[in-house]
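Paired with subunit B in one complex and with subunit C in the other, subunit A is shared by the two complexes that follow.
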Partner chain A sequence: MNEILERLVRDFDITDINERSPALTTLKVKKDNGERLIRELRDRMDFTHLNFITCTDWIENGIFRLVYMLHNYTTRQTLGVHIDIDRENAEMTSIHTLWAQAWTYQRELREMYGIRFPGSPRLDEDFCLEGWDQMPPMRRDFDTAKFSEERFGHREGRVSIVPRDHMKAQLYPDRGGSE
Partner chain B sequence: MSKHTAAPPLENAGLSAEDRQLFCDARPRPYEPYPVKAIEDFANWARANSLWILAFGTGCCSIELRPLMTARFDASRFGVAGRPTPRQSSVFIIGGYVSVKTLKRIVRSYEQMQGPKFIIALGSCPANGGMYFDSYNTINQFDLYLPVDLYVTGCMPRPEALLHAILDLQDDIKQGKCDGANRYIEHLDWYKANQKKVIRDWNMPDYNW
Partner chain C sequence: MTPTTTGHSASLDFAQPEPVDLKSGKYVKVWQGPQHPGITGNMSLELVLDGDTVIECRTHVGYLHRGFEKLMEQRTFIQNYPVVCRIAVPEPAFNEYLYAAAIEAISGIEVPERANWLRTLNLEMMRLASFLMWIGGQGGAFGQYTVANWTLTYRDYVLDLFEEMTGGRIYHMYMVPGGVRAGLPAGFEKRILELMDTTGKLLDQVERVMYHNVVFKARARGLGIIAPEMVDPYGIVGPNARASGMRRDLRKDEPYLVYDRLDFEVISGTGCDAYERAWLRLQETRLCIRLIRQIIAGAPSEGPFQADMPNVLHWKVPAGETYVKAECTRGEYGYYMVTDGSEKVRRVHVRGPSYTHAIAVMERLAVGTNIADIAGLMVSLHTYPPEIER
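On to the complex of A and B.
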């Protein structure tokens, strides 16, 4: 892994290399170099398999972190490529030309986070959410409990029982439910 | 009969003008029991012993339908069998959580089922949202959208509970208590308003004949 990484660091301005386990390494790259790096990894470094694309909402830092998980069948290495993009103007280069299945992930990310991937096929079609008229639901500023209350309502008399408190009350009723 | 024919035909507003000509706009009519009680009782007895489950699993509880059909639990002891299409089935088991996208398909399938038809809501999610009570995409009270004849609680219920539910459903049918399909037709406008509140891209006819 090391000699691969050394070359990549030189060419692609890679930071935050983190070897999480012998089989899993993550690294971070700037948005502009992202698509070029992934193409290089696929074509030259034998990372021929795209495990998944996912996203994390770092609302405090004002970014979305895209994670492209790639796998190398020869060396059994998995490589996570982290790319931070601006949360307000969320847009990323599409990689559907590298892996055809990527457009499904990108369609999902557009729906769940509102990230645009220009050129990705069928990007604006509904995927899981049909007729969705709110902000993308996986953004952390979307209040899902409030939305559920307004849109779906709640049945009267619904109670939540925390198992720990319930068992305390069962086992120590004379001590007011404390241990 | 007259009060139902007096109701206006369905608008089918979700369809384009071109498509609207292709779909039926008649309202469904409720089932009217045989005037002789003994015949109706006999019909109910026959219905109770010939339940055909629609093979449509909506959520994780529907995994319990598979052991139900196989040797160990063997629901065919009770005259229960699976059917692949709504046109051939009479029991719709709502297997667990219902997302809005699935609800649209459930409504469509349920309306295509021919009477007599019954709904068993399996698990806590159709009853009150269950562990998905605050989800943006799952409904919290299934009986706002379709009439439920029987609830089975649990997360998830065992096949034994489902077998017990089938026995209970048979008892109810024999006593003539399962009138969910009629309730649906009599309060069609209320149910449709609730359905359209959550299914925002309503692009199907108002009643799927």
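On to the complex of A and C.
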């Protein structure tokens, strides 16, 4: 794995290498090098299995972190490729020509986070949501409770209770719920 | 249908087909699902037919979307248990295990030896229950409802044992971070071994009645051929890949829990079609029985089944990231988890095998298939919609 990483640092300017476990390493690559790196990993380094593509919304930093999880069946190593993209201009190169299921993930990410993958097939087709006209719902600033109140009307009991606070209030009512 | 090129790094033709001109009057569009006995759960196939041959297939999901991954970001770690087990209804145990394993991996929690054995037992019982349900579904898709009644009855017997072991029949919430919630009840070993004996005899009957049936053979042979060259480009895993010659099984390749202490071989085949996949799953069901017997013989009856953990109301999971996976009945099932040190998970992505099997693979294999065999093809891929939608 070290040889591979040395080469990737040299050729693709990867950073933030993190060995999460003996079989799982994550690394970060700039958006412009992302598709080229993934193609290289598939074609020359035997990372032939695309486990999944997903995204984490780091709203406080103004970025979406795309995660491409790739697996090498020969060495049994898994590599998580992180690519940070601007939250306000959420667009990434499509990899639908590399794996047959990639366009499905990209279609889902367009729907759930509003990330665009130019050229990806059926990108604007509804995936899970039908006729959705709100903010992409997996974004951190999408307020599910507010949406439900507005769309479906008020209903008693639609509250989130933090178990710890609830138990404190039950156990220590005389002290205003503090231990 | 065979791929257009061979060799993994050579790209297969992933291009989407040109839309069919329905106004020409030569073709008919038919929706199979979301309410249809030949659909594995609430999803639908939009089929375009030329005569009775499918020339275009599009999978539609979303009928079960409840926003599980979003819900998980808004709840504390322990509050997510009722959520995770509903992501694959026939196999909730894999979700429980992987959710717990992801928290343990990020937090560095060591699980006691006995808990690992009990978790393995629970997962193999789950696999057995799920395969019994699947055999019924595959038989039903080809008109063999007798077999479906037999195997679903035996699945219920396994659920009886789940109820004894965990308190729940379908959703167990048995595997929690740090271990499991309880040991085995008195006399459980005897009862499960008795059930394994009778289930083994049932499978022999199923083999005679279903697998040697001339109609089943005629319809399943040559149906939905997954060429070996398709496996990696389409992300095909589990029995669907093993029936196409891939000797891959996470239980063997990347052992977790106590699988490295169990004696078994990876079962694979080379037929590549629906019959081969069905045959392979029958053998894997028999393997479940052998593994359960080994686990009962090897599991320690004494010792802790739960690591020392703080009160669930005070869990603090450090910031981290992991991807954990296990071999479910359909192949690689995985949980990708990101935490930020707060009392709620930052992101969970559930990787289910159905994501590619029911969409990219199904849409390709359906083309050229007779509409009467679409249900059999769909079941032969063994897909569950909730793990696509999450």
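Points worth noting:
In the analysis below, the second predicted complex is superposed on the first by the 152 of 179 C-alpha atoms of A that agree within 3 Å, B and C clash if a C-alpha of one lies under 4 Å from a C-alpha of the other, contacts with A are read in each partner's own complex, and residues count from 1 in each chain.
The rule is simple: a residue touches a chain if its C-beta (ideal position, glycine included) is under 8 Å from a C-beta of that chain, and two chains touch if they have at least 3 such contacts.
Predicted model, so just to flag it, every value in this text is computed and none were measured.
Once the two complexes are laid over each other on the shared chain, residue contacts for A:61 go to neither subunit B nor subunit C. Comparing subunit B with subunit C, the partner in contact with more residues of subunit A is C.
Of the two partner chains placed by the overlay, only subunit C lies in contact with A:21; subunit B stays clear of it.
When the two complexes are overlaid on their common chain A, residue A:51 makes contact with subunit C while staying clear of subunit B. In the overlay built on the shared chain, the residue A:133 is in contact with subunit B alone; subunit C does not reach it. Residue contacts after overlaying the shared chain place A:75 against neither subunit B nor subunit C. Once the two complexes are overlaid on the shared chain, A:154 sits against subunit B while remaining clear of subunit C.
Shared interface residues of subunit A (contacting subunit B in one complex, subunit C in the other): 126, 128-130, 137, 142, 144. Residues of subunit C touching subunit A in their complex: 8-9, 11-12, 14-16, 61-62, 65, 67, 69-70, 73-76, 78-79, 105, 232-235, 248, 253-254, 312-314, 320-323, 325, 332, 334, 336, 338, 343, 346-347, 349, 351, 355-356, 359-361, 364, 389. The part of subunit B that touches subunit A in the complex is made up of residues 99-101, 104, 127-129, 133-141, 144, 197-202. The touching residues of subunit A, when paired with subunit B in their complex, are 126, 128-134, 137, 142, 144-145, 147-149, 151-155, 158.
By the touch criterion stated above, subunit A contacts subunit C in their complex at residues 18, 20-21, 23-24, 26, 42-43, 48-52, 54, 56-57, 67, 69, 73, 76, 78, 80, 96-101, 103-105, 121-122, 126-130, 137-138, 140, 142, 144, 160, 162-164, 167.
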